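Below you'll find the structure I mean.
Labels A, B and C are assigned to the chains in the order they are written; within every chain, residues are numbered from 1.
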Amino acid sequence: MPDQLIFAMEVTLNGLLNGVMYALVALGFVLIFKASGIFNYAQGVMALFAAMTLVGIQQGRVPFGHLINEIFGTDIHYFGWEVPALAAILLTALVMIGFAILAQRFVFRHLVGQEPIILFMATIGLAYFLEGVSDLMWGSEIRNLDVGLPQGINDSIDAVTFNLFGYGFFIDNLDITAAIVATVLVAGLIAFAQYTKQGRAMRAVADDHQAALSVGIKLNYVWVLVWSLAGIVALVAGIMWGSKSGVQFSLSLIALKALPVLMLGGFTSIPGAIIGGLIIGVGEALFEFAIGPMIGGATENWFAYVLALVFLVFRPQGLFGEKIIERV
Amino acid sequence: MFYREAGDFKTSYADDSQTFPIAFDRYRYYAVLAVALGIIPFVITDYWASAILIPFLIYAIAAIGLNILTGYCGQVSLGTGGFMAVGAYTSYKLMTAFPGMDMVTVTLLSGAMTAMVGVMFGLPSLRIKGFYLAVATLAAQFFLVWLFNKVPWFYNYSASGQITAPERLLFGHAVTGPNAEAWVKYLFCLAFVFVLAWVARNLTRGAMGRQWMAIRDMDIAAEIIGVNPLRAKLSAFAVSSFYVGVAGALLFTVYLGAVEVGEAYGIQKSFLVLFMIIIGGLGSLFGSFAGAAFMVLLPVALKVLLVDTMGWDTALATHFQFVIVGGLIMFFLIVEPHGLARLWSLAKEKLRLWPFPH
Amino acid sequence: MLDAGQQGYTTADGRRIGGVVMEMRNITLRFGGVVAIKDISFDIREGEIRAIIGPNGAGKSSMLNVISGFYHPQEGEMIYRGARRPPMKPYQVARQGIARTFQNIALFEGMTVLDNVMTGRLNHMKASILDQAFWWGRAQREEVENRKRAEEVIDFLEIQHIRKTPVGRLPYGLKKRVELARALVSEPKILLLDEPMAGMNVEEKEDMSRFILDVNDEFGTTIVLIEHDMGVVMDLSDRVVVMDYGKKIGDGTPAEVRANQEVIDAYLGVSHD
């Protein structure tokens, strides 16, 4: 087999695993969008905030320490204890639920019935707000996140591919873990939406707010639930990306990567988010591999968007979205 | 001098569609103009020029541009930063390739170039609507920044990858480069603001503006009563991008002087201008000015208050800025989607009827 | 192909009805597997008030959407002013002199009444973007001329007092009137009215009927209207097309239609056995 083809296979495999990560972030978007019609730009910042909070809790940092020191002239930074990873994750999940309640209570409850584009812009505001809060709470330095996920090259894949092609593929254990976690999470969410009472309520609200309200579903409750779920998806995404490349501002930009995924997959489709994620992951990896060197590289900055843009012109509802019928 | 329309009779339709139908508004407008032209150029300091006045003027142009597209025509764009970069790099290429070209021409051509690029990226707006389009404009943002970063021809193969504005004179005074004086730069930008705001006003009060607003309010109905959606949307993209391009060019040539594209024209800039028009008021020219002023003044005010007065860390002040801006955006969208401009016009409405509101 | 009726005639109340201005020939419109309009033909004469009636879901609104170019029928053709009309976009249809109102008011909510009405004049305004940008001669002249026309229609429909009010703040009845003004101001050859009286009280209906008759009388505008209220339709219209389940089941003067057994069945129901 020619070398180029073998490299391309490795690139594709890595692209697929990356695509799973994109799909994971995209999933958070789909959840909120389906249940409330809100296109949540803040999803990425939520992942950043979740990861920052997790690290902060793990290391026993004092929230708003920087601010307190500045105001009172004190010099406190740590509580002096360390919290085990699992407990820290659970505590962070609680924080995300708290955030969901606050966001619903103070912002989105007041925006019910607004045009989607207004809601979208409100979430951009929320993203800025949350980013500021995150920086105030935990500082804006780059942090290492380690909850004990396996890292580094996967030896068995390396060995198997070496035997097959005479060239060992470099596949990171973390990517494999992320793919597994994402799959489990997606399966869990689908099961939740299909088979539980809350899930049914969620789908009913997604279909028609008014009708759901009239059969006695509490809208507020469902929306808080959905925002909480999105917060937990953000936490998982934050852990994965954070373990991979550290917790820093650029983590929030990953959310932007999920946007073209959604445009491909359609905003309302969970399978769409997954397949869209995989297409983007593989597509941008292969494009960078094949064309990137010729035109200066770093094409993954824009490839996904341009692909989605071109695609949308021909199919505005995405791959799996419902067909848009215009009426007057 | 009362704030009244009574007794100020309009005897022709031309009079009735003028910019400031109420006499008091007209006088105030002349007063502002007199201060801007007659007083500020003589008292302006470098600090005021570089911290407040020049960025205010330049961002006002960008905000008017985005407001035409978003506020008037209803097409949300997150590509403003990328389009500003087109203006900046066009002006750089023109200044270096044609050293004799005067700065007014350079700036206008930069706007024209941006208008063309804007129309290109506006084409999908025919098929894609709402936030789908908003996301699609991100393609312009990321692609353009990447392009100016990766293709060395755009920055004349400079080692740093930066572009630097050479010195150019206008009427014997340096407008660009390190030797340009504050008052020259100020007047140069002011002239652009004045003309462009006037043109924007003309476009929005006439047939063009009605087409845009019709598309914004209900695109299908607009098409059925005879608005060609292709023409309406693309003209909005063209005009809007022209303004944004001029602002991008001025930001580089007059204000910053040297630019690294990702830093000066990144996605943050797109949001900055979008926030200006949300806070100022969508679909209002006055709002564009108010929003630009607010977003320029806020960091300065925070710095003066928190850093200079209370001795806080600069980073902390920046974090607060994020919280405040984000909070305000949500606040305005919830309470007053028409922004500061609406608050202002409500106040005027009250004043018009005061003291007998019934 | 056109019959002797092409010459036109004069109605009992002295209005002049001209020749055929538009003819629909064997129009069929499908959405996927659903047939909304099935092989329908009828014509519209110059200066007449032509009504399309039928129960809910009969395909009346679809028919109007076909005429205004929003839907494109799979089969059949439209003859407009003597020539076959090629498939065209809604705005092109509007430029050919076909204006309309909508069942669920489609006004531009963020604009004032005056601006809404002025949008109806867009097809009469030709100033280039440069003229407009600098408010030069032509742009300003056109603005004033068209403003005059707009004000005439505003006076005619008695909405002067709300001229500068944003449409979003108006009550339903007035919105309907503003929409009529917007359609009327374009000086259409054919005016399509989609349920102009839906949701109105008796008084508002009477007002609207008067306006429709006045429009037809004073400007000689051909009017095609869809309406649920049988009484109104019978009083207003010269000829009526009756639709049911996408098919045409009657066509003629109000008296003829009223006597048509099939129409009576469709409206009153009939036992199928």
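The working rule: a residue touches a chain if its C-beta (ideal position, glycine included) is under 8 Å from a C-beta of that chain, and two chains touch if they have at least 3 such contacts.
From a predicted model like this one, the values you see are computed outputs, not experimental measurements.
Peer 1: Which two chains meet at the most C-beta pairs?
Peer 2: A-B
Peer 1: Which chain lies the greatest distance away from chain A when centres are computed from Cα atoms alone?
Peer 2: Of all the other chains, the one whose centre lies farthest from chain A is C.
Peer 1: Using mean CA coordinates as chain centres, what's the chain B-chain C distance in Å?
Peer 2: Taking the average C-alpha coordinate of chain B and of chain C, the gap between them is 42 Å.
Peer 1: What whole-number Å value describes the gap between the mean CA coordinates of chain A and chain B?
Peer 2: That pair's centroid distance is 33 Å.
Peer 1: Rounded to a whole Å, what is the gap between the Cα centroids of chain A and chain C?
Peer 2: 51
Peer 1: Touching at least two other chains at once: which residues of chain A meet that condition?
Peer 2: 328
Peer 1: Give the residues of chain B that touch two or more other chains, as numbers and ranges in rising order.
Peer 2: Answer for chain B, listing residues that touch two or more other chains: 220-221, 224.
Peer 1: Would you pick out the residues of chain C that each touch at least 2 other chains?
Peer 2: Residues 70, 102, 106 of chain C each touch two or more of the other chains.
Peer 1: Going by the contact rule set out above, which residues of chain B touch chain C in the complex?
Peer 2: Within the complex, chain B contacts chain C at residues 12-14, 16-17, 199, 202-203, 206-208, 210-211, 213-214, 216-218, 220-229, 235, 239, 283.
Peer 1: Can you list the residues on chain B that touch chain A in the complex?
Peer 2: That would be residues 76, 123-124, 127-132, 134-136, 138-139, 142-143, 145-146, 149-151, 220-221, 224, 267, 271, 274, 278, 312-313, 315-316, 318-330, 333-334, 337 of chain B.
Peer 1: Could you please specify the touching residues of chain A with respect to chain B in the complex?
Peer 2: Per the stated touch rule, the residues are 39, 66-67, 70, 107, 110-111, 114, 116-118, 120-122, 124-133, 135-136, 140, 256, 259-260, 262-263, 295-299, 301-302, 305-306, 308-309, 312-314, 316, 326, 328.
Peer 1: Spell out the part of chain C that touches chain B in their complex, as residue ranges.
Peer 2: Against chain B, the touching part of chain C is residues 68-70, 89-91, 93-95, 99-100, 102, 106-111, 115, 118-120, 122-123, 125, 127, 129, 132-135, 139-140, 142-144, 147-148, 151, 182-183, 186.
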